[in-house]
Structure formats: structure tokens, C-alpha cells
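Some structures are shown below for you to check.
In the two assemblies presented below, chain A is common to both, partnered first by chain B and then by chain C.
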Partner chain A sequence: MREAIGMEALKTKGRKIWLVVAVMMGVQMLWAGWAISNKDANDLVQGWLFFLYQFPMLNCIIMPVIAAVVASRLCEVEHKGQTFKLLETIVPANRIFDAKFIWGSIYMFGAALGQVAIMIGMGLMLHFGGPVPWGALGGYLFFTLAVSLTIYAFQQVVSMLFANQMVPMTLGLVGGFIGLFSMFFPQGFQKFILWSYYGVLMQIGMNWDQNTRAIDFYWTAIDWSGFVLLFVFFGLIYGIGRILFVRREV
Partner chain B sequence: MFIRVLKAEMIKMRHSPVWLAFLLIPIIPAFMGTFNYLNNLEILENEWYSLWTQHTLFACYFFLPVLIGIYCSYLWRLEHANHNWNAVMTAPVPITHLFLAKLIMGSAMVVLTQLWIGLLYILSGLLAGVSGPIPPELSVWLFFGALGGMVACALQLFISLVIRSFAVPVGIALMGGIAGLALLSKGYGIWFPYALITLGMRANDPAAPMSVGEIQFILACAVFMAGFSLFAIIWLKRRDVVTG
Partner chain C sequence: MSNVIETAGLSKEYGNVYRVKDVDLLVPEGAIYGFLGPNGAGKSTTLKMVLGLAKPTAGEISVFGKRVNSKNRLENLKNVGSLIESPSYYGHLTGAENLQIFQTLRGVPKNNIDEVLKIVRLDNQKHKKVSQYSLGMKQRLGLASALLGYPKLLILDEPTNGLDPAGIQEMRELIQSLPQKFGMTVVVSSHLLSEIDQLATRVGIIREGELVYQDSLMKLHQYSQQHLAVRTMNNEVTKSFLSQNGVAWEAQDDYLIIPQMKDSMMAEISKVLGQNNIGLVRIEERKKSLEDIFLELTGTAVSL
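Up next, the complex of A and B:
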């Protein structure tokens, strides 16, 4: 397995995948800066809660795109070079699948970690109220990674099965947009849509007073049943996808 | 010669799965917009005009840039595949014709998308029971939206020409759309290609005239399109091809 992962590392050399992740993080940082720039000193007291509410919402769009781009970059090299035929004669197909997933996960982890760094950096710079909520930020990192890896698994399956990368890109984007839209719906409905789990596993709720137009954020209990369901989604996508990849004719 | 290049482009697009994106992606903002409109009837009192803001709000910032990104990546996909650049660049066809044919194909797809968005808007309004006549300005919104879309198309064609990946330019388009939202709110929309779609479609306030003059808008579109086309043509003329 170590050799297979090493091979993935060599294949991605010079393909500037980290640059894609960095650009996406840059946009997310700009967005966060723009969103927080409208807040006054009173709002900044709830700055941590605001970020922990805003970031998962934006993640519905940003992270599926990162997952789709990374998966596409890792898989299109094989389609372009028609290398699966050669690869599968020297490495078992399931190991290729696993290695690609592990290597792609590193990028997803980097993106999630980058978001936490943005939150901490901006929070300290703008003097948000209270100490840094390390526990909540750790929870955010964990849940963001869990959802992102499940979406990444889906993208990898589709990117490996379709030579034409337009199909996984379209499916990923449509999924991301539906995920964003599903935030308008009750949580029961959201749980059926993979891309909306950034919202399902959010640790913050929001109250909006229609008369005063004031916004108030509050801590909510973590939806562990949603997390279990996400785990089931991951198992199904990874398991079925891996079988489809292994059994397909090269 | 140019007509033949255009015909070749049409043959390349035949039976392509790009219709999947063309049909599916605009349905989502239409659905989202109508749902949002129906849920906020007490605030959104301007009927068809309010419905338009809800439809275009998401479409202009997220969906259209991405969709145009997909179109443009697809238009160069065949050239980037295998060793096709060798065949393309040795064919007795002026490079300018080659790029302009791609731009026309992309622009035609943008126009069709605008028509599809218009149709979805009318259908949604009728299904949602919006009273009053359909706004006569609809064709103007769609026309200026298409112009803005063509600028995004020229830029995306350049990006997809330079970056050989299918996915990366689409990601850039999404980032551009999001950045356009911030820049437009600060009043710099006319200077940013991705924000021109929103500006042209009057997504923020369809009842009011465009925040910049129409002549200024058309001029900005023409300058951006000419600039990006020039960049792409110079790139094609000066750079050696990378194949495989």
C-alpha cells in the first residue's frame, strides 16, 4: 500500500493541486473577511459562533468543488494516459482505489485545517469575544472532514468510472447546490442529501428576529444520529464504488 | 473558411453530454428561487419582479459562472485530449478563426441558457400563481445577461485553453462568481467579468434601471471580450503546444 500511495504522490508532482486548495481557501478567507467587515463591536462578541455558523454554509459549495477538482485531477491522469490497463497488471485494482482515496484525503484534510486556521487567525486578529473555543473548532474540523471525505469518496468513484470528467464535475456541482438549497428544508429532509451534511452537523443555531432584524447565535447539540447516517453513507459509497471499480472492464 | 471551422466545432459538440449540465443546472436556482419567493411573500411584494430577484440571486453568483465554465472546459476538451493539438495547429486554419469559432459556440450556448432561464422563470411564475402580466423587460434582462455571460465565456475559454484540466477552470469560475458577489456589493461590478452577468440581468433590482449606463455596460463587455480573445489568440500563436 505504501508503494501505491508513493506512486500517487509522484503522479501529482507538479500538478499544482495544492494551489487549487489554496485558492479556494483564499476565496473563503475573503468571504469571511467581507462577511465580518459589516459587523460592529457588539456582533463581534459572537464572532466565533458567527464563523462556526457561516463556514459550514459556505462549505456546502466550496468543499464539494474542492472534492470534485481534486478527485478529477487524481483520476483524469489515468484516463488521459490510459494507464489503468498497465496499472492493474502490477497493482490490485482495490489497492489503486484505496491509495487514491488516501492521497485525496490529505488534500481534503488540508482544506479543512486551512479553514480552522482562517477562523483562529481572524478571531484573534479581530478580538472575538471570549477565549478560542478549541473544543468547538476541533468538532468543526472533525465533522467537516467526515462530510468532505464522504463527498470525496463519491467524487472519486464517479471520476474513476467516467473518462469524461464533465460528468463528475456536473454531478458534484449539482449536489453542492442542492446541499446549499436543502438548508431551507427541515433537518429530516437534509439527512437524505449527502451534500447537506455540513448543515446537519453544525454546532450553531441562529435566531432571527423579523421585527428588529437582529441575529442571535446559540450552541446546539450535535446530531449524532446524523453522524451515524453519514457513516452509513460513506460505507455504502466507498464499498459499492470500490466494487464497481474493481469489477469493471478496463 | 470560417464557416467550415464553425461546422467542425458543431460536429465536435454533437452527442456530447453537455446537455446534462445545460438542462439540470438552471433548474436548481429556479426551484430555489420559487421556493424562497413563496416562503417570503409578505416581504417580496413586487410579484414577477420579486420572483426574478429570487431566481437570479443564486443563478448569477453561483450557477451561471459554473455552467459557462463547464461549457468552455468542454469546448477545449477534445483539443487537450490525446495528441490532438498537433493536428489542430498543423491544419491550414487561421488560429483566430479557431478561437472565434469556439467563442461563437460558447456564446450560442450562453444565449440558449438564457432562453432556458427565461422559460423556467415564466413557468415557475405561472405555477406559483404570480398575478399580473409577465414583465416586458424580461427580454432586456436576458439580453444583457447573455452579454455578461459572453464575457465570462471569453475569459473561461482563455482559462480552459491555458489550464489543460477540465475541473480546475470550473472551480475558478465558481470562485469568480463568489468574488463577483463581494465586488458588486462594493460597486466594482463593471470592472469584474464574472459580475457582469449579475449586473446585466439586474439580479439585485430589476424594476430599476441598470446601476451603470447601458452604453457603459456594452462597452465594458466589448473591451473585456476583445481583451480575452486577444490574450487567447496570442497564447495560441506564441506558445508551443503540449499534448498527450
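Up next, the complex of A and C:
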């Protein structure tokens, strides 16, 4: 398995996959900067809560795009060079699948970690109220990663099964937009859509007072039932996807 | 001599049509087995099943005398190198890096990379990206990948695909040297009889999924023995006369094709025909070419 993962690393040589992650992080940072720029000192007291609310929202579209591009970059070289028919005479197909997933998840981890770094950096720079909420940021990292890896698993399955990478890219984008709009759906409904789990597993709620037009953020309880459901999603996607890949004839 | 590959009733169905049907492949150890058949005959499909890349609809496969199942498949394949249909490669990596991937996954010595690159004469191009390789170079890289572990069995599906005449010649010589040099058994598929003719020791010919011939190349050559073609003023009477005397015949246009025979025997026949007032007007010697036999066996023209 170690060799298989190491070879995934070699295959990414010159593929500029980290650049994709970096560009998306740049977008996220610009957006965060823009969102925070029209806040006054009063709002900044709730700065951490604001970020922990807004980042998951944006992730609904940012992370699926990263997952789609990374999975596609990792898999298209195999389709292009028709390598599966050689690899599968050397390495068990399920190990090929696992190694790719592990390697791809490093990028998702990098992206999630990058977001936390952006939040901390901007928070300290702009003197958000209160100490750095390490616990909540850790929770954010954990849940963001959990959702992102599930979405990544989905993207990898589609990228491995379809030689034409337009299929996974389109599905990834459509999923991201559905996730974004699912914020306006009822809670119960959201839980059926994989891409809306950034919202489902959010630690912050928001009140908007119609009269005063004031926005107030508050801590909410973590939706553990949602987390369990996400775990089921992951198991199904990974399990079924891997079986489909192994059974596929090349 | 034992068989390196042995299949029994190997069949593959694609969408209700048997593309490979009841194939009993026998590849003896040390042979260069030429697997011949026109386009779409089922060569690649058969070889893929041997490699476990496609699941047989029916039948059994033994490699190195061991019945292949999904559990022991990869263990068995450790001693098998393959190149199926077209070479597998990562275009954005160099030739050496490509081989490094397969060498690492196979767990064979790193030195093998340079050795096989020399064997296929790519050592001067090993630091070039494979996407910039010519088709022939890619093909040779594919062969290098197959050779990496110095396998006991090498399965090459149309290895001369895309090669120029010089490349074909080179590939042929290379393949020919493998059994003696490394003790390999080689299966080479092709739709060109001429290619196999100069290469193989044993031939299997597949047609529409069915193995129509499998034996030594020598036997195949015996089919191309000479025949006699005779024409008489009355072929109908001649036919019954031949049958009465135990001479096999076959009508072909205005001629009767009979086996090659001693002069004295032919003289006897002509004499008896004369006595019966049947004028013998032509006696010709004919030779079936190997191509004719291939055509007969496969029912299609040999494609170039």
C-alpha cells in the first residue's frame, strides 16, 4: 500500500494540483476580506462567529469544485494512458482505488487547513473580539474535512468510472450549486443532499432582526445525527463506488 | 512439456453474443505462440480473460498449471508480463519515471529499469516525456513495462501495431530472442499471418470467437502442400472413376483437385481415362499458399 501511495505522488509530478487548491484558497481569502471589510468595530466583536458561519456557506461551492478538479486531475492520467489494464495486472484494483483516495484526501486536508489558517490570520490581524476559539476552529476543521472527503469520494468514483472527465466536473459543479441553494431548503430536506452538509454541520446560527436590521450570531449545538448520516453517506459512496471500480472490465 | 496457459471452454458473452466461444487454448512452455485472427475475432478479449481483466462468461483458465481464481490471480500474474491492445503510459512523465512506477509496484529491482530500456533500445530517450514519444517508441516502452519483472510468460497483443517495417523487424527479432535468452514463453497476437509465420513455433487461429486451428506452425505449412489439378473432357465420369479407385477429389471450377501422387500412379490414371475415351486435357501442379489457408480458416481476407 505504501508503494501504491508513493506512486500516486510521483504521478502528480508537474500536474500543479496544489496550485488549484491555492487559487481556490485565494478566492476564499479575497471573499472573506471583502465580506469583513464592510463591518464596523461592533460587528468585529462577533468576528469569529461571523467567519465560522460564512466559511461553511462558501464551502458549499468552493470545496466541491476543489474535490472535482483534484479527483479529475488524479484520474484523467490513468484514462488518457489506458493504464488501468496494466495496473490491474500488478496491484489489486481496490488498492488502486484506496491509494488514490488517500492521496487525494491530502489535498482536501490541505484546503481545510488553509481555511482555518486564513480565519486565524485575518482574525488576529483585525483584532476580533475574544481569544482565538481553538475548539470551534478544530470542530470546523473536523466537520469540513468529513464533508469534503465524502464529496471527494463521490468525485473519485465518478472520475474513475468515466473516461470523459466532463461528467465528474459537471456533477461536481451541479452538486455545489445545489448545496449552496439548499441553505434555503428546510433542515430535514438538507440532510438528503450531500453537498449541503457544510451547512448541516455548522456550529453557528444567525438571527436577523427585521426592525433593527441587526445581525446576531450565536453558538448552536452540533447536529450529531447529521454527522452520523454523513458517515453513512460516506460508507455507501465509498463502498459501492469501489465495488463498481473493481468489477469494471478494462 | 507442460502448458503455461491452458483454457477449457473459455467463453465470453457481450450483449447476448458470444465473442469468444469454447476456446481451449494450449500454450506449451518455451513456445512462441502466435495467436492469429482477423479484426474483431476475439484475440484481445481472450487474452484479457487470461489476465483477469475481463471476466469469462464460462470456462476455466490455468496459468502455470494453477487454476486461476480471483484470489490467486495476482499471485499468479507476478510471473506474467503483458501488453494489451495499446501501451499503458503516463504521458506527462518520462519513460524512466513510467517504468519506475511499474517497477516499484511490481517490487522488482530498480536495475531492471535500465536493463529493459536497453533491451527495447529506449535508453537514449528515457528522460523524454512519453507524450513526446512516437507511436513506435510508446510501443517499445509498453514492451519494456511488460519485460520489467523478467516474467516467465509474456503476453503481447499486437505488439507491432503502429511500427514501421524496420520497427516490425526489430520487434520480431527481439521477441524471437526471448525464449532462449530469458526462458520466457511468449504469446503474440496478430492479424497478420506473415508476421506470425516468421516468428511463432505454434499457432492458434481464432475466427468469430472460435479457435479453428491450433497446432505447430509446421503442420500449418503441411496444409500448403502441392496438389494436382486435372481437367478432362468428362469430369463427371472421372469423379466416379476416382472414387472407385480411392483417390480423393474436390471439384473446383472446371478442374478436379487431387492429392499429389507418384508419376507412375498418374500415368496409370491417364491411361485408364484414355481407355475409357475420356480425354485428359490438363494436368497442373498447384500450391496453396499459407495466405490461402488462413483465408480458408478465417473466412476473411488477410488485412494488411
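The rule is short, and it goes like this: the second predicted complex is superposed on the first by the 250 of 250 C-alpha atoms of A that agree within 3 Å, B and C clash if a C-alpha of one lies under 4 Å from a C-alpha of the other, contacts with A are read in each partner's own complex, and residues count from 1 in each chain.
The definition used in the following text is that contacts are C-beta pairs under 8 Å (C-beta built on N, C-alpha and C of every residue); 3 or more make two chains touch, one makes a residue touch a chain.
Here the structure is a predicted model, which means the values were calculated and not measured.
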Query = When the two structures are overlaid on chain A, which partner does A:87 contact: first (chain B), second (chain C), both, or neither?
reply = second
Message = After the superposition on A, what does A:61 contact: first (chain B), second (chain C), both or neither?
response = first
Ask   = Is A:10 contacted by the first partner chain B, the second partner chain C, both or neither?
value = second
Key: Which superposed partner A:178 touches (first chain B, second chain C, both, neither)   = first
Inquiry  = Tell me the contact category for A:27 with respect to chain B and chain C: first, second, both or neither.
reply    = first
Message = If we overlay the two complexes on their shared chain A, which of chain B and chain C does A:235 touch? Say first, second, both or neither.
response = neither
Remark   = On chain A, the footprints of chain B and chain C overlap at residues 80-81
Request  = Please give the residue numbers of chain B that touch chain A in the complex, ascending.
outcome  = 17-18, 20-21, 24-25, 28-29, 31-32, 35-36, 39, 58, 62-63, 66, 70, 73-74, 77, 81, 165-168, 170-172, 174-175, 178-179, 182, 244
Ask   = Tell me, which parts of chain C touch chain A in their complex?
value = 48, 51-55, 74, 77, 80, 82, 84-93, 97, 100-102, 104-107, 130, 145
Residues on chain A engaged by chain C in the complex (per definition of touch) = 3-4, 6-7, 10-11, 13-15, 77, 80-92, 249-250
Message = Help me check something: in the complex, which residues belonging to chain A touch chain B?
response = 20, 23-24, 27, 30-31, 34, 61, 65-66, 68-69, 72-73, 76, 80-81, 164-167, 169-170, 173-174, 177-178, 180-181, 184
